[in-house]
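The following blocks contain the structures, represented as structure tokens.
You will see subunit A twice below: alongside subunit B first, and alongside subunit C after that.
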Partner chain A sequence: MFYRQSGVRHNSYSSDRDLFPIPADRYALWFFLALGIAAPWLIDGLYLNSYMLPWLLWTAAALGLNLLTGWAGQMHLGYAAVMAVGAYSTVHAVRFGIPWEFALLIGGLSSSVIGSLFAVAALRVKGLYLAITTLAMQFVMDWVLNHSPAISGGSHASLQSPTFALLGQDITSDAGLYYVALGWCVLVTIFLLNMRRTGLGRALVAVREKDFAAAILGVNSFYYKIIAFATSSFIAGVTGAILVATFYFLASPEQFSVNVSIQVLAMVIVGGLASIIGSYFGAALILLMPGIVNGLFAGFADMVGLQFGPETLAHIPNAAYGALIVIFLMVEPMGLGKIYGNIRDYLLVWPFDQMKK
Partner chain B sequence: MLDNAAPAITGDETLATLLVRNATQYGSEIAMREKARGIWQEMNWADYTQEVIHCAAGLDALGIRPEQAMLILGDNRIRLYAGMAAMGLLRAYAMPTYTGATLEELQHFVGEVPVAAALAEDQEQVDKVLDLRQAGADIAHIIYDQDRGLTDYDAPGLLSWEGLLEKGAAALAADPDLRDRLINASGPDDPAVFMHSSGTTGKPKGIVLSQKNVISAARNGHAGGAFNENEEVLAYLPMAWVGDYALTVAAAIAYRFTVNVPERQETVLRDMCETAPTFYLAAPRSWDNILTTIQVGIENSTWLKKKLYHFFMDRAVAAERRKLNDKSGGAMEPLMRLFGEWIIFGPIKDQFGLSHLDNAFTGGEAIGEDTFVFYRALGIKLRQLYGQTENSAFNAIQAPDEVNLHTVGRPLPGVEVKITEDGEILLKADSVFAGYHNNPKATAETLKDGWIYSGDAGYLEDNGQLVVLGRLSEVVYTAGGERYVPNYIENRLKFSPYIKDAAVVGAGRDQLTAMVCVDAEAVGHWAEVHGVPYVSYADLSQRPEVAELLNEAFARVNKALQEPLQLHRYVSLHKEFDPDDGEITRTRKLRRKVVEERYANVIAALYDGSEQVHVQAIVAYETGEKGVVERTLAIRKV
Partner chain C sequence: MNETIPKTANSQAVGDEPPVLECIGVERRFGGLVAVTGVDIEIRKGEIFGLVGPNGSGKTTLTNAITGFYPPSKGRIRLDGRDITGTAPHKVAGLGVARTFQNLALFNGMSVLDNILLGRHIHMNPGVVRTALYWWLARPEEVANREIVEEVIEFLQLESIRHELVDGIPIGLKKRVELARALVAEPHLLILDEPMAGMNQEEKEYMARFILDARAERGVSVLLIEHHMDVILGICDRMLALNYGEMIASGIPSEVVKDPGVIKAYIGDGHAG
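Then we have the complex of A and B:
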């Protein structure tokens, strides 16, 4: 209905590889980008910084994990640990006097190094074994953070993040912090959009589908697994650092505990493996849905006049939220991104039922 | 003249001067696009003109002289078009042929003029030329476009297109005056193209159209509002059909169209969608095909989409019918139109690449009311075009908002129309040819005092609209003396989506009967949906359920016919009419004599009251082999 495809033709191979050959997709993209940029004027500051900002940052984190799990097919249960490495490295670097721009790079690179170490393990173990290996990494990291006062300041301490600044400008306003998150999320999205159509992206998919078949095709699966771990960890590290700098304002071990790892993985799986738009949906569902369901439920209870104990009020929304995830995954096991794809396909062939032969 | 407004075309230009004008003034505009290796390879006017001149120089170097001919064999290709234009520069004949033309048909062409060369698309067509040589034709040079499969060929005179251009470039480099000589050699009265009449009766007659003919035809078409400058067109029509030459060569050069050449015949639908042409001319058959595809697609669609489609389409069709009958619609009509366009019509047009269409034409035959109204309802201003090869394709067109089903519109500016006492349409225009090639007898019958006797029966209405009834030569009488045109009734039968071809018999008999070929796709789909089992076309055609379907179609046609002209019995044939069997021409016109001869026993059975008839038909396969099909056909009463 909205998609117009006639007259879309390519007279060079580079235009044939366009990210969004159909104009309607481009318009939608520009529309949402404009909406994102205009958000500080449209949305109240509180909502901007407690909903939009974390949503964008967790989306960036989910995209990073999606690169590893969705594209390269490597299970990872210690993603939060990798984010922690980046966050702590960056904060320490800034406290040491290094400007934020470089500190973020240092955080990303140190995450990369630690994360890549696990790629070496990934070469030997696969599937569930890799999941357990990465889970071990998570626990090792938790232990290290809790027991190294030099890093975290002690078992229940937290590390104050210095004021965020870019190019010598302190960034403290709501809008400023929001734009940092938006910019990073857009940057990661652009990177992944383009990665899909490069040799790297195709090699990762080959490794995912069957690593020894890929090796027979001449794809060095060791090399590409390391690349995938390193890149994904870099994104995790920088995202963790920005999260601390713009949202938490201090770093503490429980921000990067094992349940955070599980949450990011849930975002990826609910959103859809190897789906970029799915990561946006997945992060939104996992992050924002509990609050919304809570509000709806409380409102509903008020309206009907039911009296619930605080226990019930706390647990029923959680159950509803869990059920929601189950329902989404039952409807479309490939995730929310795939549901979006199905709707798009439906409209693409409208009013027919399939592409004509 | 360097201002941007193009000087008006007078008709005294030549293809060469127009090409040079395009190259110098509009050199960077896109002249041709060809889908090759997945992308549209573009060629601007400067490059295209260069290619034509190099080709002409190359052909000149090969020894092509005026009055000699070059066969053009293959599907639409930029290089074949360039070769045709180059022959115009050399004052020689470019002779396009249908891709499916048989050896005998080609031999007939070769017998008409000295054919010095052949421009072939690929190995398949080169083989055809080699066969021609073997059969005695003296074709010195064979130029080919695509070299796949040709590396091991060592036939004398075989030359690649690149080789030809190199020869041309060398000749141009050696002689600095050659370019100007080539450009100025041809005049308006020199030949542009050597066409053939469709040959519904007897052998095709050679028709030489001069450059003045084709360019003034383009001028008339432009003046009459058939097309504007810079149209986007799809070159998918057979190159041997005058409509293709008139549009994608003559009008395209005169009015700087961008010609899009599809990748292959099989990809035309997809390429059409990518091209989104602004001008589209198709035979009623093609419009019917698209209509059938849309309807089948909707039938296969889901409940909601079907409901929405019928909701908007039924109303739009009803509105168009009211318009045809000069009744005004309700106040809601524009609103329905708006929503319909957004929800249903726009997406459908978009899927088929019809959304940018400004000028849509149907020509060659009468179009069914249902089809016509459907496209008008879809928001495509479909118009009828009346033309013939002898008049370079443009006689008359309908105006966009002045549409009647039974007329073909007003004669174009520059075309004079007169009706004889017998009711024959006479035409006079700059675009009328000078006479059949080497056939003074046929010329004398057709051209008198500059008026061309079109052979079509028709009349002019008081408001200047031309009505074409059918071929004058086809007017026949029943035993009871009733006058009728079989083609007229056949077309009405063919308006049913389930009937692909029909032949009405009854000349000199007391009643009319018909032989029909069902449409394999539409009836096949119908059978699928209704659970009617069948194994082959022949089987499907004889199913009693299909007979009921056909009965409905016949009953509808009979309702519109006077009592003595109603159809009484019919037979559904076991195979479709096929140009390879000579039953129809390559433009899908019925060869009545051949059909009546071949199906003589069927026709006899139609009249002797028998219930069924046993047939033995000879089928020519595409490999050239012949096979025999035996079948028992049921004869049914309407």
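Then we have the complex of A and C:
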């Protein structure tokens, strides 16, 4: 009914591979993109830059990790460390006098190099062992950041980020910074959408599902794992750099500590492995839910006239938020992306359910 | 070697060209266990070569030795006259060997079409930049390979299920999808590991016909592992019987199946002679 498939015909193999063959999907996409572009006029500047902007950037980060964990099936617990590499090299490059465009590229590439270097060592092991190896990488990076003032910016271990600028224009306005985040998130999304329909995506899934079958088809699984690590690290590095440039305004080690790695992994898993829209949902849930649950709970307490101590007020929302994640994963282990997919599949035939195959 | 295996009965085989596959004294050990020893095979162009033997006789180990999963402990393997002993599996695939697996090795999370497209991997050149600039760099290649895939989909009559997830189709079709995936790679040598296991008579006949057609239309040489003797007798030009990793008989199928050693290995003593 809502996602009408009638009239969708393909005359060529390339149209059969269109990203969104069903018109309703395309309309929804344009609608949300328009909303995203109009957001600075619709949303108050404070909300725009403290909720929308980080949401988009963490979505880009989650998509990068999803490429590695969801598509290529490689566990990574040191993702924040890779983001740190990109952030620090970019900020240092800009302070050295390199324009932001190239500095971001340098940040992405250095993340890519370091991420794949670790991968070469890590890929001799699989599964849980790989998880622990990447976790070790996180701790090594934490230690390096905390113990090398040359990188982390002296005794306070914080590094001021110069004013963000693109094409010679300083970007300082709320809307400008937000558009940078939106642009990057859209670029990463487009890349992943394309990856789903090319040989690269197929090869990554092959490596994830059955490496012996991949090998017999000529897929060099080691090579593709490295490609996955390098690409996901590049996305991580640039995202980390933009995050520092547009949101934190200064880089410090605790922004990229181990719990950040776990949080990004949680976004990917709650959103759904190998699901693009899921990463948007996952990032939103992990990032925005604590605040929303907090507000709801405080409102509820006010309404029924209960008095809670500040400790209870701080802890109950946390517990509720944790429970929410558990409930979502119990209802649908494939994540929020799959829940969306189920609803969409239902509406595909609604109200003619009997015609479901 | 030519003394032990008589010339083929297959009229399509060309005598002068080097054999597609040549195994010379192949042996594979796992610790103290000898899985395969002293196996000589020569498969000529356009030939369907049967490989039979009771369970555990080393048929699959031999194919794993050829495809590089278990490099042979002794002996040489040549493909189109080129030594491939111990070459990594993904490189063997690139040299023109495709195979199917006894227990199916399809990628369940993918559609039938994507599975078969993966068979084209060795002819494609996927990369990060190409993917990012899909519309300009990747699309022409994807469409060109899709056309080849569609030919095979039509040949194996898989049109109606090409967009289904592999997970949801019956086993007979899965076997056919796996054959399609192997065929789109345009191999010189196709190794089929029990393609008819678990099939009924009709499905078996379909599959046998597909194998014969694949040879006729694509000139592929086939190494066929099968337990169904009717199939071996029906479509193989020559065959080899293994028992406990050793060759017990080889030659033209109608003669090999009468060999007392083969009957003893397969059915038991009482029926021999």
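Throughout what follows, the second predicted complex is superposed on the first by the 347 of 357 C-alpha atoms of A that agree within 3 Å, B and C clash if a C-alpha of one lies under 4 Å from a C-alpha of the other, contacts with A are read in each partner's own complex, and residues count from 1 in each chain.
Following the convention adopted for this analysis, contacts are C-beta pairs under 8 Å (C-beta built on N, C-alpha and C of every residue); 3 or more make two chains touch, one makes a residue touch a chain.
It should be emphasised that the depicted structure is a prediction, and the values quoted were computed from it without experimental measurement.
Clash-free side-by-side placement of subunit B and subunit C is the outcome of superposition onto subunit A. Residue contacts after overlaying the shared chain place A:Arg26 against neither subunit B nor subunit C.
After overlaying the two complexes on the shared chain, residue contacts for A:His147 are found with neither subunit B nor subunit C. By the touch criterion defined above, A:Ser6 reaches subunit B but does not reach subunit C. In the superposed model, A:Trp350 makes contact with subunit B only, not with subunit C.
Set against each other, subunit B and subunit C touch different numbers of residues in subunit A, with C touching more. Superposition on the common chain A brings subunit B within a closest Cα-Cα distance of 6 Å of subunit C. On subunit A, the surface touched by subunit B in one complex and the surface touched by subunit C in the other have residues 12-13 in common.
Only residues 12-14, 17, 190-191, 194-195, 197-203, 205-206, 209-210, 212-221, 227, 230-231, 274 of subunit A touch subunit C when the two sit together in their complex. By the touch criterion given at the top, residues 33, 38-42, 269, 273-276, 293, 297-298, 300-302, 305, 308-309, 342-344, 346-356 of subunit B touch subunit A in their complex. Subunit A makes touch with subunit B in their complex at residues 1, 3-13, 15-16, 349-354, 356.
On subunit C, the positions that touch subunit A within their shared complex are 67-69, 88-91, 93-94, 98-99, 101, 105-110, 114, 117-122, 124-128, 130-132, 134, 138-139, 141-143, 146-147, 150, 181, 185.
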